[in-house]
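Both complexes shown next keep chain A, but they swap its partner, so chain B is in the first and chain C is in the second.
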Partner chain A sequence: MGRYVLRRSLAIIPVLIGVTLLVFAAIHALPGSKVLSIVGFQVSPEMVARIESYYGLDQPMHVQYARYMGHLLSGDLGYSISRKSQVGSVLAPAVANTAILAGTGLVLAVLAGLIGGFAAAFHAGSPVDRGITSLMLIVGTAPPFWLALVLILVLSIQLELFPATGMYSPRGEPNLPDLLHHLVLPALAVAAQPAAIIAKVARSAMLEVRGAEFVTAARAKGLPRSRVFSGHVLRNVLSPIVTITGLQLGYLVGGVIFVEVVFGWPGIGFQLFQSILARDITLTMGASLIIAFAFVFVNFLADLINALLDPRHEVQ
Partner chain B sequence: MVACPPAGPAPRHAARWRGGRLAIWLRRDKLAAACLAFVLLVILVSILAPWISPYHPAENDFDMRYAGVGTPGHWLGTDGLGRDVLSRLMWGGRTSLLIGFLPVLIATLASVALGMIAGYFGGLIDDVIMRCLDVLFAFPMVLLALLLVGVLGAGVGSVVIALAVVIVPYISRVVRTAVLSELAMDYVLAARAAGASNFELLSRELLPNVVPPLLAYATVLVGIVIVVGAGLSYLGLGVQPPAADWGLMVAEGQQVLREAPHVTIVPGLMIVVLAVVFNLLGDGIRDLLDPRLRT
Partner chain C sequence: MLNFKRFTMGLLFGLVLFVTLPWTVQAAEDKTLVVAIEANMPGFDAHVICSYALYREIITMYEPLVTTDLTDADALPPKLVPALAERWEISPDATEVTFHIRKGVKFHDGTEVDADVVDWNFRRVWRKGEGEEAPQYYTAAAGGASFWSDSVKDIRVIDKHTIKVFLKHPFPEFVRQLYATTCGSFFVVSPAAVAKYGQEGLAKNPVGTGPFKFVEWVPGDRIVVERFDGYWGPPAKVDRIVFREFTNMAAMVAGFRRGELDIIPAVPPDNIALLRDDGFKVATNLVPNMIYLVLNLKDPVLKDVRVRRAMAMAIDKETLANKLLTDAAEAAHSIVSPGSPPYDPEFRSLPYDLEKAKALMREAGYGPDKRVTMHMPNPASGSGTIAPMPIAMAIQSNLSKIFIDLKVETLEWYGFISLLSRGLQPDAQILPMPWGMSTGYFTRQVLHSKKQPFSNYGWYSNPEVDRLLDEATSTPDLAKSKALFAQVNQIVVNEDVAVIPALIDLSPTAYQPYVKNFVLPHENWFVLHQVDIEK
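Then we have the complex of A and B:
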């Protein structure tokens, strides 16, 4: 296990370096003057030269990259022009806000996905199964931003149960009940798509394992149903579900970007969107890197958990 | 099988596309037939939109603003500017389909080349290609698309390029795996023994066997790409107003969500239905090509 962890950890290093290279190259391939996007208005050529040398933009690309990486490794993401503040201090609270939203969304997605998927598997072929499967197909395919708007329309505008935007009420002290009240709709919107896919995988995994020979054997030995379920069925069902959940967390991050924009949730996706509109290079880079790193890390964690659950993974 | 002369391609899957096979499939798989009919209908309506749409998509009638679904003359209602939602839906199909099909087509061409080269030549070439794709895999689909459109600037062209790049790693990986499994087949060995060059092997032996199974995957991807592309338009980074596009219509509807919810609901439903239909059609094609995988 130790060697597997080490090998997997080493394997993500080149990927992370590649991610920084790609983001850096993409941003610096931007057409148009960097200086213009930094100061926001036309300045004299002498001024352009001064600004370029101040930000190191007159240096060759690899020198600029090395400089950026040096700063990155010391935890410095640069200065955001549009926010007049350090990128790190803009994004730190955003990461926390997204973690709250994505974490809640993931818990909801796993719960709904497992319950839906297992319910469908236990009633395979019945109207219950068909109903759940169809619902999941539609919910899983629908664009998250549209689902978010439908939730707002029904639960906020028509039934007036939950607020439609923001993280806290504009008036009064921020407190937990207020946060939870604001969290419900975005979390549901974030959870919908992953829930559908987890349900699909849970259903087929459950169907497969329940029909497997080792389950028949365990039953034949006379083990009580609960023992068979907890000791034999569940353990084997979990492995594919963990894999897909890890992957889903990645897609969930994609959905979060839209949901945050719709609900005005001040998370990393919202900041990324704002930075792209403002053409704020450093902020866009910082937000993209954080999201991509988180995505890589989550998939890494899912692999590790899988290796723990199913030692056969180590060999692959 | 080893003794077979390698004359001509080895059309294991290709033969299935000839003759009445398609008709038989459509008659047996009612769901796939319905999905195919729906897709064709949407394509037809989109192409004919300039001639059959009741109004021009940008024509606004301020007296008829916020008309609900079922209003005579505006059967799907009007939006906040008094524009006919049905007409905009028809015109919007043009960009939505373009954004769905074109990136998948471009990405498939690029991925077939990449995946076949990686799988066939192996070694260093394979390593380099696959490590590059690993980097693309490290980005959630939406993030990469957003980043690329941010760099390229808003517009339909940027969206098409961005979405094509985003799905290349997914298709390439499928192609590479297919090539690796085909390489172990006897017909490849036979062609090699008969002295086929690398190019002949790739183009005449492997290509006909690798591409048809991709069709199912590409079909599912069209649905996904339509959803992501609509998202980019929704964010204001794709199709620009006053053009009609389903994602853009959802965004415009959001402004009048309280007064006229149908402006948001209708185009959104259209995206969902089309994406689901492509998903089901992809399943149908997969079953057609490989009935063993039937679920």
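Then we have the complex of A and C:
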């Protein structure tokens, strides 16, 4: 297990280096000077060149990249010219905000997915099963930003149940009930697709395991239903569910950007979106790295949990 | 042991309870005004800010020497009134301006404003010559200030509360230009704050003299300012203002409808009538910002004035404004900005006449069997734009009737403005430019041959127009200036057709019924110190 952990940990490094190269090249490919966000357009090319030089943006690309990686290795994510702050200080609160949203979304997705999937499996072939499956199909294929706007329109504007934007009310001091109230709609938007996929997997896994011989044998032995479920069924359905949940969390973190932009949720996805618009190289790199790291790490964690749950998983 | 059904029912019950419990946000004991911004804030250094949207925040905290009275919705142009300068004098030849600095004004950090402080501020964004920069000279800020600083020959402190600016040429509008420039307006920042936080640090720790002082900035989320009780003028009516950043207009309107926002600017045109029908207030007013089409005069097809005239007569501005953008814009005819002193609302550009336009194109050698293709880079959104996609589609449709196939290339904002500093290149024939200032000097910037290419994007050059512009912007006689600008309009818009004025922005701004004293002036931004809330 120790060697497995070490091997997987080391494998993260080339992935992250690849991300920095890709993002660096992509942002440089975008048209427009990287200082336009701060100087505007009524400025002469000579002045733009001077300001670029002031920020070291006139250096060759490989020099800029090498300098960035040098700072990164010492734990410095660089300076954001559009936010006038160290990238770390801009992204730290954003990461926390995304963690709140993604974490809540994941909990909702897992709960809804398990409840929906198990309910569908227990009532396989019935209208309940068909209803749940259809709902999951619609919800699972709807684009997150579209779903977010629909939720705002119906639950916020029409029914006036929840706020439409932001993380806290701009009036008064931030508090927990206010946060939870603002969290509902974005968490639902974020949870929808993963919930649908988890439900599908949960349903399939449950149907397969419930029909297995060892379950029949356990029932035949006279074990109570609850014991059969907890001791035999649950443990065997969890493995594929944990795998898919881990994968979904990775996609959830990446997909949260759309939801954050629509709801104005000040998370890392929102910061990434704004940094691209502003051509802020270091902020874009920093946000991309964090998202990439989160994606890879979460998948790694899911594999680890799976290995612990099911000793048959090959870890060599 | 977990009972699945009971667990599910319990969860659903909890959810319903959560949703239906009366939620009470802690009642604010103070008056807080919440205003949306349709742009991202890059910090609060007043010398670096470069957009109308961001000015609304900056002017709560900073002040210029002379400002305009933006509490009068009818004044066209807005009247110049004292701010940090309690009075000023312009020499008869308009080459010297003397500012008398108001006594007893303090920055939010307690330091005083005097002529030395104003001089320090000038030298932060201006230098007398190459290699003559003051220690506080800030390159990132100097670019935007060039709109007025290029005209400054020298600056001298006369005494503790008097400072004199010497200009390179007669510039009667200098005082207005100092404030109304879109980029690099001259606000007075605290030198002590720059000393304490550094040049870059001022952006996160703004210190000005305005009626509000900075409290907090959560990038991408909100900016909070609160009333400054040491302000030299009448105190602001509200205790706090929270500015919320939005890049998604639908979410901004949704937040407004829910009561989370008190004032929202740049209301999408199709929402104006709906908001009014639902009892919200939506103000509109003529502002300097307009959409004008810049034509690439180096293009071989556009070199033919018959083609340019045909295009001007084929674009149905009235329908565009009245049917497509009802209440959000009106047809533009002049290249002199609305809201500027020499603006003439009676001036008319070439009338819409499709048959005449077709005849002109045929005369130029084009027709159904010989169509011409043109390219137009178009911003998807951005500062000053008004429904850019529908407008581009409408122009495309209009021009297709006169044998022009217009390829619209949609770019996001920075991609679009990155094209500007080089002027229009051979791969682009038309540029829909959203811009305008409340000064006649703006027109000189966009048409004078010396301003090619970075504000005269279409490479327009006419010595007669250059002469008229130089004279119009250097005469202190407003009537004479207006007459000269009228000649410029006639030549540029109707004879040379170097640009096609299309639309004037009416800047639709929505506000809640309980918001009082809100004024939308004839300017690209508005003030908030007089606004009150009565709930």
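Note that in this section the second predicted complex is superposed on the first by the 273 of 316 C-alpha atoms of A that agree within 3 Å, B and C clash if a C-alpha of one lies under 4 Å from a C-alpha of the other, contacts with A are read in each partner's own complex, and residues count from 1 in each chain.
We adopt the following convention: a contact is a pair of C-beta atoms (placed from the backbone, for glycine too) under 8 Å apart; a residue touches a chain by one contact, two chains touch by 3 or more.
Computed from a prediction, not measured in an experiment: that's the story for all the values here.
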{"item": "Touching partner for A:Ser226 - first (chain B), second (chain C), both, neither", "value": "second"}
{"item": "First (chain B), second (chain C), both or neither touched by A:Gly166", "value": "second"}
{"item": "Contacts of A:Ala26 with chain B and chain C, given as first, second, both or neither", "value": "first"}
{"item": "Which of chain B and chain C A:Gly255 touches, first, second, both or neither", "value": "first"}
{"item": "Comparison of chain B and chain C by chain A residues contacted", "value": "C"}
{"item": "First (chain B), second (chain C), both or neither touched by A:Asp178", "value": "second"}
{"item": "First (chain B), second (chain C), both or neither touched by A:Ser126", "value": "neither"}
{"item": "First (chain B), second (chain C), both or neither touched by A:Tyr54", "value": "second"}
{"item": "Partner chain in contact with A:Ser9 - chain B first, chain C second, else both or neither", "value": "neither"}
{"item": "Touched partner set for A:Gly18, first chain B, second chain C, both or neither", "value": "first"}
{"item": "Chain B and chain C contact sites that coincide on chain A, given as residue numbers", "value": "30-31, 149, 152-153, 157, 261-262, 273, 277"}
{"item": "Complex contacts: residues of chain A adjacent to chain C", "value": "30-33, 35-45, 47-48, 50-51, 54, 82-85, 90, 93-94, 111, 115, 118-119, 122, 149, 152-153, 156-157, 160-161, 163-167, 169-173, 175, 177-178, 180-181, 184, 226-227, 229-230, 261-264, 266, 270-271, 273-274, 277-279"}
{"item": "Residues of chain A touching chain B in the complex", "value": "14-16, 18-19, 21-23, 26-27, 29-31, 137-138, 141-146, 149-150, 152-153, 157, 204, 250-251, 253-255, 257-258, 261-262, 272-273, 276-277, 284, 288, 291-292, 295-296"}
{"item": "Sites on chain B touched by chain A in the complex", "value": "131-132, 134-136, 138-143, 146-148, 150-151, 153, 223, 227, 230-231, 234-237, 247, 250, 253-254, 257-258, 261, 264-265, 268, 271-272, 275-276, 279-280, 295"}
{"item": "Partner chain A, residues of chain C touching it in the complex", "value": "1-4, 8, 11, 18-19, 23-28, 32, 34, 40, 42-43, 45, 48, 50-51, 139-140, 142-144, 146-147, 182-183, 200-201, 203-204, 218-222, 242, 244-248, 250-252, 254-255, 257-258, 260, 411-415, 417-422, 445, 454-455"}
